[in-house]
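Next come two complexes, and both contain chain A; in the first it sits with chain B, in the second with chain C.
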Partner chain A sequence: MTIHLSILLFAPLAFAAIGAVLPHRLAPVAGLIGTLVSAFFGIALLFGFDASQPGLQYVTDDQWITALGIRYKLGVDGLSVWLVGLTTVVFAASALWILVRPVPRARGFVFLMAVAEAAVLGAFCAQDLGLFVLCFDLMLVPFLFLMLGWGGPRRRPATIKMMVYTLVGSLLMLAAAVATAVLSADDAGGSLTFVLSDLGKVTLSTGTQRLIFVAFALAFLIKMPAFLLQGWMPDAYGQMPLPALAVFSAVLSKVAAYGFLRIVLPLFPDATVDFQAIIQILSVVGIVYGSAMAFTQTNLRLILGYSSLAQLSFITLGIFSLQPQGVQGAILQAVTHGLVVAPLFFVVALVAERADGSEDVRHLGGMAVRGPVMATLFVVLAFATLAIPGSANFAGEFYVLLGTFKDSVALACVAFLGVVMASVYMLRAYIRTVHNRVGHEVHGSELSLRDAAVLVPLVAAVLAFGLYPQGALSAGEQSVTGAASTLARVNAAGANGAEAQVTP
Partner chain B sequence: MSLQTLGWLILAFPLAGATIIGLTFKALPDKIHGAIGTLAITLAFVCSVLALLKLTDRPQDAREVVAHGWDYASSVGVDAELSLLIDPLSLMMCLIVSGVSALIHLYSTGYMASDRGYARFFAYLNFFVFSMLLLVLAGNFLVLIVGWAFVGAASYLLISFWYRRTTATRAGIKAFVINVVGDVGLVLGTYFIFKHTRSLDFLTTFDRVDDVFTRNQADLVAGCVLLLVGAFAKSAQVPFHTWLPDAMEGPTPVSALIHAATMVTAGVYLIARMHPLYEQAPAAADVGSVIGCATLLIAATIGLVVTDLKRVIAYSTMSQIGYMIMGVSSAAYAAGMFHLATHAFFKALLFMAAGSVISAMANLQDLDRMGGFRKALPFTYGCFIVGGLALAGVFPFSGLFSKDEILSIEFDRGGWYVVLGVLGYLGAFLTAIYTFRMIFRAFHGDPVPEAQELIDGHLHHGDPVNPATGEPEDTEVGFPGPDHHIAERAPGMKGAMAVLAVGATGLGALQIPGVTDVVHSFLEPTFEDSSLYASLEPSAAASWIGLIAGTLIGLAGIALAYRLWVQQPAAPAGLQARFAALHRFFVNKWYFDELIDAVIVRPFAWFGRFARNTFERLIVDGAIVGGTSSVVRAGSAAVRAVQSGFLRAYAALLLLGLAGLVLYFLLSSS
Partner chain C sequence: MIDLVLAQASAAKAPQIDWAAISPLVALAAGAVVVLMLGLARSRVARTVVVPGATVVAFLAAIGLCVWQWGEAPTSVVSGALRVDDLSLGLTVLICAGGIGAVAMSVGSVTTEDAGHGEYHALLLASAMGMVVLAGAEDLVALFLGFELLSIPLYVLCASEMRRATSLESGLKYLIVGSVGSAVLLYGLALIYGATGTTGYHAIDAAIEVSGFSSDVLLLTGVGLAMTGLAFKASVAPFHQWTPDVYEGAPTAITGFMAVATKAAAFGVILRLFDVALISTATTWAPIMAALATITIIVGNVGALGQSSVKRMLAYSSVAQAGYLLAGVVVTTQLGISATAFYLAAYLLMNVAAFAVLAARERELGHGEGDTLTALNGLGAQRPVLGWSISIAMLALAGFPATAGFFGKIYLIQASVDNGYAWLAVVIVLGSAMSLAYYLRVISAVWAGGEDRDATSVRATTPSGQPVMAGGAPEADEAPAARSVLATRDGDEPGEAGRRAPAAGLGHPLAVGTALVCTLATVGFGLFPQPLFDVAQDAGRAFASLL
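What follows is the complex of A and B.
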């Protein structure tokens, strides 16, 4: 089946545009149809993807801004195909959620979500640096408006904080992208181009690479967020409306992790090797710090927020192990973390609904008594989050840590602390929500059918990933081997003569 | 049916049982759930027996069969398929696990009958059995790790089964976290070994061990010690044992199944399974022997003073597993596995019998409150005596033969292993004392009101309280319901206990020195690559001397207990006063909880508070945001100035920055 990636990008947008002229009541229906079209093709992509082939597939390549050498070039490979699938599925789930639990001023909400989906998918599919930067910056804008228009009581300062933080990153990245293209064109003596495959043919001088690396890395690490750059996260996570937060947490942070693999590693390999140790240390500190913070929080959203900080640190740790196993694990974990965290935020919404809007574990408890099905879904997701072997997140974490272990035993040992700590904070959140005595404001009830319609498919997907992570691993293998062997070459030629540890 | 098919079926039945019960928990009546659960496990047991027949049909050198499933997570040089290894060792475990589980399921149908979580209980229990069977049948490290973690998860779910008791949820999370530490040890150990062997498959790994590792090579020793961490955490060995006594918060059938007969013996199985690694890394194996020996003594001393009926049995479990760990670490593989088998029977029996007493006491477990149940519960008393004699190691009960085989191999190895053997006999003496202390205190003496009521034909109903804290129980969840049963008066429960009692009495016949050698010869194909397995065979005469010595030591302990708790009931108090410091030390469980709290829990809690109250405020929000907060103010001012929302300001700022930076780069690069 030929699938045009443009359809994935623009179907939600087109239907949301139709929804924008319909009454508020019908807008979510249009939004859902758009995301379902996208999800259908997104899942078809997973089955149609040829895992044995290393290069790009489903390529679209058109003129766009000729004067600047920016092309509308889309394509997927092993690094992105499952992330594209994840994005379409999570957005569809969120659209369904909005349909079954109407939001006020639904037209605007649905339209902004569609813009976000188009931008995120654009970033995952972009094979042109200009297009990637545009999408990367654009995907944030709808969330600012969603937070401002539908957020919690302290939404204004939260919005401004997030905007300033990410603006810094965006500007740095924009400058770095322009510099990359201009300097590459200079070095090659050719005309200006932003197409990634062309940029990859030129190797910039190490000094330049370092500067540009810092700019890109900051942009990505802020968006994740990584340790030290999370200042915006508690406020934003606390104020964003939950259906938006579910996709925000599930996919936006993954774009940043993916950016490292798509842009930074292939274009700036020397700088990557130079900065490897710094990012690795930042990652393990982030793992321990995020887990410790998650343990001290009482708000469920923030427990998940800091837990995500720790999990994202696992992903960067895997990428910067510069080992094929580590990179492979990072891709898998990016997908599974997104798949697990999105339904968890829906669970938070259900919990809050049963506790007079409270998301604070000190006021919760005993929800399993009246809602055993809800509790069961929650425990599956909780076990997946703490990456118990056999769950969705396990295979990714196993690979990430194996890659890290091959690179540095000490770092792997510290990272394993995070594994233990995850079990503490996640079970704590679970127990204090659904077990123990029934909280004073809790009026528990069972999961309704409409909520089950959103949650059960997602949880089934989580279980399926636990049972068979092989599909996603196989899809990534060729791309990972390619990426890792490039780095192994750099490693081997590196000034410090570090031994190359590439294994087929 | 081929052996491979049988292997998959052994796993399929319990998994199907758990799934069916889970999906139909509202649709079908409770009675049917119990029947489904019990039937599923019985079918798994039948398949295990069929597999046993198939396997023994094969010639000695063809008794290792691998069943390949599908690629689970194979990529970039990692071979992680779903494969099972069916050999005498895994099959022996399957028989024990599915056999004892079937009986405990049968017992549970009665014991849990009035519990509102009946279906949930059987779903969890079936899931546990599936996980345990996956663990023992695993054909590579990854599947082993998955099974290993799943039993931990099932154990967590069942410990906190009565989840409205905070004591139960706390015990659950404690057990789970310590188990995760074990999982981490297992994974990290696997990494160390995989780094050299480049394979996760068991048989491939074992083939390559001698080629890629030199004797006691650092990486191998590190890997093996980390695997031991996994084994210790799961098998409640010092210092990872503190979760086991707390795990007694779970329903009694859970204690019998998971925390006595099956899951906690996984560490023993692991060491036996990994014997080619440990024989190449004897330094790591010695760590196992020493820790096992230390555990058996420490647990026995605590068992002497604990007053909670189930906790006495829990400490005795810890102690007995110490024997097994010591055995398999000292290359007494068959003996260790044999003790695992006999222990599964007599310990499950003791727990079931304890459940009978606890029901009669309306859920109270305090030995101080018990007494004189001998007439009220004659069958239970008989079970306790049989289980107690097997545990104390008295001829001809099964525990003697298996425990003594471990000890005589320690003596046979000579050197410092003799010390382990001697300490093992000391442990046996203590075991006999605390076992019969428990029995005499619960069953002898004057009947307490609860016992008297039973004798008079009534069943005592107390106010539902949490036995650990005394706080009133949530009546919506948890045993005992209004019409709880006494185990020995319900046919199903009585039948299960009777079968176990027969096993606890007679299983020793499998391995009578100089007469039968069933276990040792059955396991031989698994251990044929071991240089120690065949050579360590104490002579029949030496073994018999050991058996006689063991019996005498056991009887001496029982006699002492009789003197102290039956003949001179005032004496224990006097002893307590004389050795007050020691008594306090034992009652406080050697202060392990406090030690772990001070060394691990508190520093982490402090770090968490520091991160939240200081670091996040001062550094992340203060220094990093402080610098940008002026930007925030400027930004918001700009927004207000532009008066047309954020998008325009955002776009304007973007363009401004873009222009400036592009200019800079263009100029600097030319």
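What follows is the complex of A and C.
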């Protein structure tokens, strides 16, 4: 079956555009159809993907901006195919959520979500640096309007903070991307091109690589967010409307992690090796810090926010172990975290609805009494987050730690702490929400059918994925080996250089 | 005696004039005369509808004539005073497009009533003519002629709302500062002439190269003074101080015209003077200009941060944008010229969109109120078209993707990196990052404005009990802004504001339409920029001597 990635990208946008001229009541239906089309293709992509083959599949390659050498080149490989699937599924779930729980002025909301989906999918599929940067920056725009139009009461400062933080990184990345293309063209003597496969043929000088690496890393680490760069996160997580926050946390942060794999590692191998230790330490501290903060927060959104910070640090740690297992684990972890965190935010919405809008665990409690099904679904998600054996998160964290262990035993030991702490904060959040005495404001009730329609499929997907994580792992294998081979070469060169220095 | 005079007269050859090449200028000049005459008509329809219509026709004719000559081999006309090449033609198109935008914004406004319809539009055309001369000037005399022809009508236009003190103040300030700029420029040009003995650009270049004058103090002083004079006009820091005051006081349509068209003309002349006449002294002036660009970017962006008037904010933003544009001059490559031309085109679209929204808002709220940040509160919910237009314009100015501004920035960055000015690219990027703070304030006012009052209260609970997902109650925010509109509409505010209540009729829809068209073009060129790139590349080839 041939799948055009363009259809995947633009189907939601097309349907949302139709929805924009329909009445507010019907717009979510159009939005849902669009995301379902996209999700159908996304899942078909997973089944149609030939894991044994390295390199790109389903390639689209067209002229776009010849003056700048930017091409409209899309394609997926083992690094991105599961993330593409995750994105389409999470957006479809979010669209369903908007349908069953209508938001005010739905046309705008649906349209902005569709723009976000197109941009995220574009970033995952882009095989051209210019296109990637464009999509990476474009992702933020819909969330700017979503937050301003539908956010919480303190949305204005929160929005500006988030945008300024993330865009400082993005703009630096823009300059770095242009510099990469221009300098590569200078080195190779060819014409200007942004196509990744062409850029990969040229290796820039180490000094240049370092500068460009810093710009890219800053953009990605802010977007995740990583430790030290998380200043925008608490406010933004607190004020974003939940259906948007679910996809924001589930997929946008993954684009940043994916950016490391797709762009930084292959294009700037020397700099990657140079900065490996710094990023690893940052990640390990991030794991501990995120977990500790998640334990001290009382707002459910922020617990999840800081937990995401810790999980993203895990992913970064895996990537920068520069070991095939670590990278594979990172991809798996990215997919599973996205799959788990999206329904968790939906659970937060359900919980808040039963507690007069409060998301503070101190006001909650005892929801299991009236809503055992909801509590059960919650516990599945909570256990998946804390990476209980049997969940796909377990496999992901295991691989990440395995890769790190091979690289550095000390770092792996500290990172293990994060696994332990995850169970502490997740169980605390779960127990204080669902067990304990019934909170004052809580008027618990069972999950309604329409809410179940959103939540149950996602939880089922989490469970299914836990039973069979092999798909994502094997899909990533070939590409990871490909990506890691450049690094292996650099490592070997470094080792040889060291030996050469020692020998005489 | 008479014989002698006749003999001399026949000996003096009139300059060869290629009428086809200067036809855009002719169209504008003829338009100015016709419009001035039409403005004398007694019929009100003739003055309020036909005059703006004729002005637009003149601008369109000039654009058409430029398109007609597009791609032809560059020629020097009028004894080498003017150059007709793709760069000057492209800038002419931009200037005329800015003129059309200004006309569309000013139809039925207080400005044209106060100034007289014929005069207002004739001055607009004359000023555009000066800009066109400036964009093509290849001779110091033509440069100065164009410079004055541009400036003098603009001084008047700024003060054309004669019954509003701020408008008069704006005109006076512009007159004084502009005159100082002109004087400095003239002095500089005189020194350049003194050093090289010629006024033609190519002759100057040849003289500098032959005599090795490139480190001559007289010449360099002249270059410095000329740069200063042009910097006044292009609002390059530290010669930008007039910009916020003049932009704020001038009628919005004129501010928009000044922001886009003057900038295009000023950068046209800077490109041509420095990249043709003074190219062999580039090693001296390029570092200084790079420093100026850096200062301009910083000053503009920092200045814009604290502004509560949107027009002042846009004034400082235009200062910052001038800094980005200077980078295209500094690199002295064809790529730099293409990038500058591209950015000027993108800048025109996004700025006209922003000013058109302000103009439309002024019609709704009265002058002086439509301009503040609070006047934009809740615009997104009330007037979605205006809300989206100004939001997209702001995003484009900040350089967001899927807008023309994004590729403009990419192109400038590419030009900078390509010629070894990577640090300037970083300055551009950091400046853009800083600019987000004030552009986003506008967007947040448009979509979430008027809410700060309940920021301290606990998250409100809607009756349905799901505030978390639904967010704040947007309906509540619309109320205050809507009330103020009604108050103005009722006309029960006394005095000036009452008199300046929205003019009914064609004006408002035209301003909204202008905003919409420019916004769509901004997004359109943001998704499919290739046509604009082709044009910019043609323009870049104008200076064959450059790489």
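One rule holds for everything that comes next: the second predicted complex is superposed on the first by the 494 of 504 C-alpha atoms of A that agree within 3 Å, B and C clash if a C-alpha of one lies under 4 Å from a C-alpha of the other, contacts with A are read in each partner's own complex, and residues count from 1 in each chain.
Convention: a residue touches a chain if its C-beta (ideal position, glycine included) is under 8 Å from a C-beta of that chain, and two chains touch if they have at least 3 such contacts.
Since the structure is predicted, the reported quantities are computational estimates derived from the model, not experimental observations.
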Next on the checklist: With both complexes superposed on chain A, which partner does A:Leu144 reach: first (chain B), second (chain C), both or neither?
Outcome noted: both
Checklist entry - Once the shared chain is lined up, is A:Asp50 touching chain B (first), chain C (second), both, or neither of them? => result neither
Checklist entry - In the superposed arrangement, does A:Gly366 touch chain B (first), chain C (second), both or neither? => result first
Next on the checklist: Tell me the contact category for A:Arg101 with respect to chain B and chain C: first, second, both or neither.
Outcome noted: second
Next on the checklist: Between chain B and chain C, whom does A:Gly476 touch in the aligned arrangement: first, second, both, or neither?
Outcome noted: first
Checklist entry - After lining up the shared chain so the two structures overlap, which partner does A:Glu441 touch, if you call chain B first and chain C second: first, second, both or neither? => result neither
Item to check | Comparing the two partners chain B and chain C, which touches a greater set of residues in chain A | outcome: B
Next on the checklist: Counting contacts the way the document defines them, which residues of chain A are shared by the two interfaces, the one with chain B and the one with chain C?
Outcome noted: 137, 141, 144-145, 148, 159-160, 163-164, 167-168, 171, 174-175, 178-179, 182-183
Next on the checklist: Help me check something: in the complex, which residues belonging to chain C touch chain A?
Outcome noted: 380-381, 391, 395, 398-402, 406-407, 409-411, 413-414, 417-418, 422, 425-426, 428-430, 432-433, 436-437, 440-441, 443-444, 447-448, 451-452, 454-455, 457, 459-461, 465-472, 474-475, 529-530, 533-534, 536-537
Checklist entry - Any idea which chain B residues touch chain A in the complex? => result 22, 25, 70-78, 120, 142, 145-146, 148-150, 152-153, 156-157, 160, 163-164, 166, 169, 172-173, 176-177, 180-181, 183-184, 187-188, 191, 194-195, 198, 474, 476-477, 604, 607-609, 611-612, 615-616, 619-621, 624-625, 628, 631-632, 635-636, 639, 646-647, 650, 653-654, 657-658, 661-662, 664-666, 669
Item to check | Parts of chain A lying in touch with chain C, wherever the complex brings them together | outcome: 64-68, 101, 103-105, 130, 133-135, 137-138, 141, 144-145, 148-156, 159-160, 163-164, 167-168, 171-172, 174-175, 178-179, 181-183, 192, 241-243, 348-349, 352-353, 356-357, 359
Item to check | Contact footprint of chain B on chain A as seen in their complex | outcome: 137, 141, 144-145, 148, 159-161, 163-165, 167-168, 170-171, 174-175, 178-179, 182-183, 186, 228-231, 234, 289, 292-293, 295-297, 324-325, 328, 366, 368-369, 372, 376, 379, 383, 386, 388-390, 394-395, 398-399, 401-402, 405-406, 412-413, 416, 419-421, 423-424, 427-428, 431, 434-438, 468-470, 473-474, 476-477, 480-481, 484, 503-504
